[in-house]
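Paired with subunit B in one complex and with subunit C in the other, subunit A is shared by the two complexes that follow.
Moving on to the complex of A and B:
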């Protein structure tokens, strides 16, 4: 088995289903471009490039999880949603997945639509819904921000893993019989553990950015700004 | 952009380069959550190669670009695996940043500030107004 293959490989999902998801992903990404343009100004554009580069770097860092012989790595949807918002965030993760598929031979090119759907679209969307709810409910403190990032990241990974289960149900190349629930359970369990790692990385990164440049955290700008213009969370420079 | 933004960008890139260029060599080489789930039903040896049983992972076929010079996060021709992994990580971060930042820069919304003169500095000067606009939009959208 090749080292560091991290995404859906060719042959795992059949061609027609992969093609359908490629079309779906393309349509969704077009919507992200159209809506994301409204968020993208002179300040956010380079920041979004940095978020993509950072996600690429951290995705290389497979960490061990408690299950022996299994590793996990950041997906990045929650981190991107926090820092640059859901629309541009989904585009950031997609850029990473495209670079990995076209240059690093990771994740089949024919499977790109599936990988984008799970990690860039489902992961980011699930994370942003959770972020929007949690930031409004939790106290406006650093702890509140940390819990938001951790919980949104952890759960978004589990939800994204079920995207794969759905795709496998539609077009998996091995007949699992009626054992699809087994795959769902395995994927959910292992990704809950990976999600804890994702949560820790996301919370650490978001807290760091919020401390140095709170104005660069999209979620704080757009979800907390009305009542607290200067972002009390941080005690940062501003 | 102001100096402060450039400094943040440079600092962030440096962290990413260090993670991908150095720390990546200490990453776990075990199959990730997806791969391990697809290996269920098969037995694997110490190198995670399939030696028996039947599982979804056996259907995996070669990647279209399996012989890309940077395939599998290594630089072809570089013997030292530490250097090979690190260099591929550094190149990946730079390429991803170039495509990401370049693409987003081309997509960015323009004309929020009076044009003429240096658009980047005037945009930074107009930050509070831009933030207010973003806030009200998010309010209506959410």
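Moving on to the complex of A and C:
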């Protein structure tokens, strides 16, 4: 049940560990800002905002996994990595988390470093590595793209959930003793289910976008040579 | 379109807290939360003092306790985690109402409950007194990188649109005989989500290009930058709450 929201709230992990992860997240985000600035052109800027808004909105719409009231939501790391790339993608998820913590109270402000590390950094990085490998291995068809999106999303959620286990092992405020492996198992199990849901949604979304506007999928850019320069249609034409 | 000025949690008012510049409120809220988290969990009196501080600010901001408490339910999932801790925790056991509970687990549960609730209440107060536009202006004035404020601006601008669009699409699905329940709604939900994303993107792209053609360079107009930035006096006024919280935390650290 603890895995419902995946946003760590204040007091679950102790202060020093939270501070270490906050420093880690800050350093990683600085790198993302520096790299992301180069990526952010006229096409990616509104896309990044929309990916963030989309992740924010979809995180509000929980979908049920069991009738018992356990529900999960998209983390969005894989979707962001797919559509806007790893750097801007991590920034998008971070912005979502910061705003949620600041004005919705979802996830403690003091735990922001931990939440960003899990969902924005680990989730997006894991997803992007998988995407990069799978897109090269799998055939370049719609099915290949769908499988890539599905696998990257599913596994990135499970990997991100293990970030919480690592943090809890380092600085959990309550010693669970041998129950820690149990926690790891529960987290992995529940998040596999959430991940499958996320995988389906990510795959469908990416496929729809790739079908109508393939130029918008960041992950496909590097494979398309030579890259056509981004020339946005003048506003109001369409 | 009326979206983008406030948000669901914003409470229109003219209280002293509402009038404070956003950057001051953000800093105060973050420092307050860190002070709460740094407090040892056995210093029960300190949490009472924090609650009094929150109540005082809420009264000053004219935010009612009923509104605050009903919105605080967002932390429910983690409360459930807290309830499980006394049973899962290791170490010494104590008898409570005939149940053998872990003492460490009980403290842990209290820790999560108290610190989580105070954190949620503090951010709800910030949300109730700060519009989303002000929040971004505040972050900008705190020298948050422009890439981030830009993403945040777009995110907040399209949030209401997206949610409204999603609701309309859901109603449309139901009215066509869909019965969204359990696992079977996933397919319809996911198929709809692709369309939702594209619709929103095309709209967002048009708006973005319109903004660019009117001189938008990734930063909000200078009007919002120049005047209204916090004065020294306002910083001092807003500092009272975090300074009080920090001294409570320091006292609690010394005493325990």
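Just so it is clear, the second predicted complex is superposed on the first by the 213 of 238 C-alpha atoms of A that agree within 3 Å, B and C clash if a C-alpha of one lies under 4 Å from a C-alpha of the other, contacts with A are read in each partner's own complex, and residues count from 1 in each chain.
Quick note on the criterion: a contact is a pair of C-beta atoms (placed from the backbone, for glycine too) under 8 Å apart; a residue touches a chain by one contact, two chains touch by 3 or more.
On a predicted model such as this, the values are computed, not experimentally measured, just so you know.
*Asks:* Consider subunit A as the common anchor and indicate whether subunit B and subunit C clash or fit when overlaid.
*Replies:* Taken together on subunit A, subunit C would clash with subunit B, as the superposition shows.
*Asks:* Applying the document's definition of touch, where does A:38 land relative to subunit B and subunit C: first, second, both, or neither?
*Replies:* first
*Asks:* Looking at A:186 after the superposition, I want to know if it touches subunit B, subunit C, both of them or none. Which is it: first, second, both, neither?
*Replies:* A:186 sits against subunit B, while subunit C stays out of touch.
*Asks:* Figure out whether A:20 sits in contact with subunit B (first) or subunit C (second), or with both, or with neither.
*Replies:* In the superposition, A:20 contacts neither subunit B nor subunit C.
*Asks:* Using the touch definition from the top, say if A:48 reaches subunit B (first), subunit C (second), both or neither.
*Replies:* both
*Asks:* Which holds for A:207: it touches subunit B only (first), subunit C only (second), both, or neither?
*Replies:* Touch status of A:207: second partner only.
*Asks:* With both complexes superposed on chain A, which partner does A:147 reach: first (subunit B), second (subunit C), both or neither?
*Replies:* Once the two structures are laid over each other on A, A:147 reaches no partner at all.
*Asks:* Under the stated touch criterion, which partner chain does A:132 make contact with: subunit B (first), subunit C (second), both, or neither?
*Replies:* Once the two structures are laid over each other on A, A:132 reaches subunit B alone.
*Asks:* Looking at the overlay, does A:170 come into contact with subunit B only (first), subunit C only (second), both, or neither?
*Replies:* In the superposed model, A:170 contacts neither subunit B nor subunit C.
*Asks:* Contacts for A:161 in the overlay, against subunit B (first) and subunit C (second): which applies, first, second, both or neither?
*Replies:* In the superposition, A:161 contacts subunit B only.
*Asks:* Give me the intersection of subunit A's contacts with subunit B and its contacts with subunit C, in residue numbers.
*Replies:* Dual-contact residues (subunit A): 1-2, 4-5, 8-12, 33, 36-37, 40, 42-43, 45-50, 52-54, 56-58, 60-61, 63-65, 67, 88, 91-92, 95-96, 98-99, 101-106, 108-110, 173-174, 176, 182, 212-213, 216.
*Asks:* Going by the contact rule set out above, which residues of subunit A touch subunit B in the complex?
*Replies:* Subunit A residues touching subunit B: 1-12, 33, 36-58, 60-65, 67, 69-73, 88, 91-92, 95-96, 98-106, 108-110, 132, 161, 164, 168, 172-174, 176, 182-183, 186-187, 190-191, 193-194, 212-213, 215-216, 221-223, 225-226, 237.
*Asks:* Applying the document's contact rule, which stretches of subunit A touch subunit C when the two form their complex?
*Replies:* For subunit A paired with subunit C, touching residues are 1-2, 4-5, 8-12, 15, 18, 33, 36-37, 40, 42-43, 45-50, 52-54, 56-58, 60-61, 63-65, 67, 88, 91-92, 94-96, 98-99, 101-106, 108-111, 173-179, 182, 197, 200-201, 204-205, 207-209, 212-213, 216, 232-236, 238.
*Asks:* Would you tell me which residues of subunit C are touching subunit A in their complex?
*Replies:* 7, 9, 26, 29-30, 33-34, 36-38, 41, 71-72, 74-75, 77-78, 80-81, 84-85, 88-91, 102, 104-105, 107-109, 111-116, 118-124, 126-127, 130, 132, 135, 145, 147-148, 150-159, 162-163, 166, 182-183, 185-187, 189-191, 193-195, 197-198, 200-202, 204-210, 212-213, 218
*Asks:* Give every residue of subunit B touching subunit A within the complex, in rising order.
*Replies:* Within the complex, subunit B contacts subunit A at residues 1, 4-5, 8-9, 12-13, 15-17, 19-20, 23-24, 27-38, 40, 44, 47-50, 54-66, 68, 70-73, 88-89, 92-105, 107-109, 112, 119-120, 123-124, 127, 130-131, 134-135, 137-139, 142.
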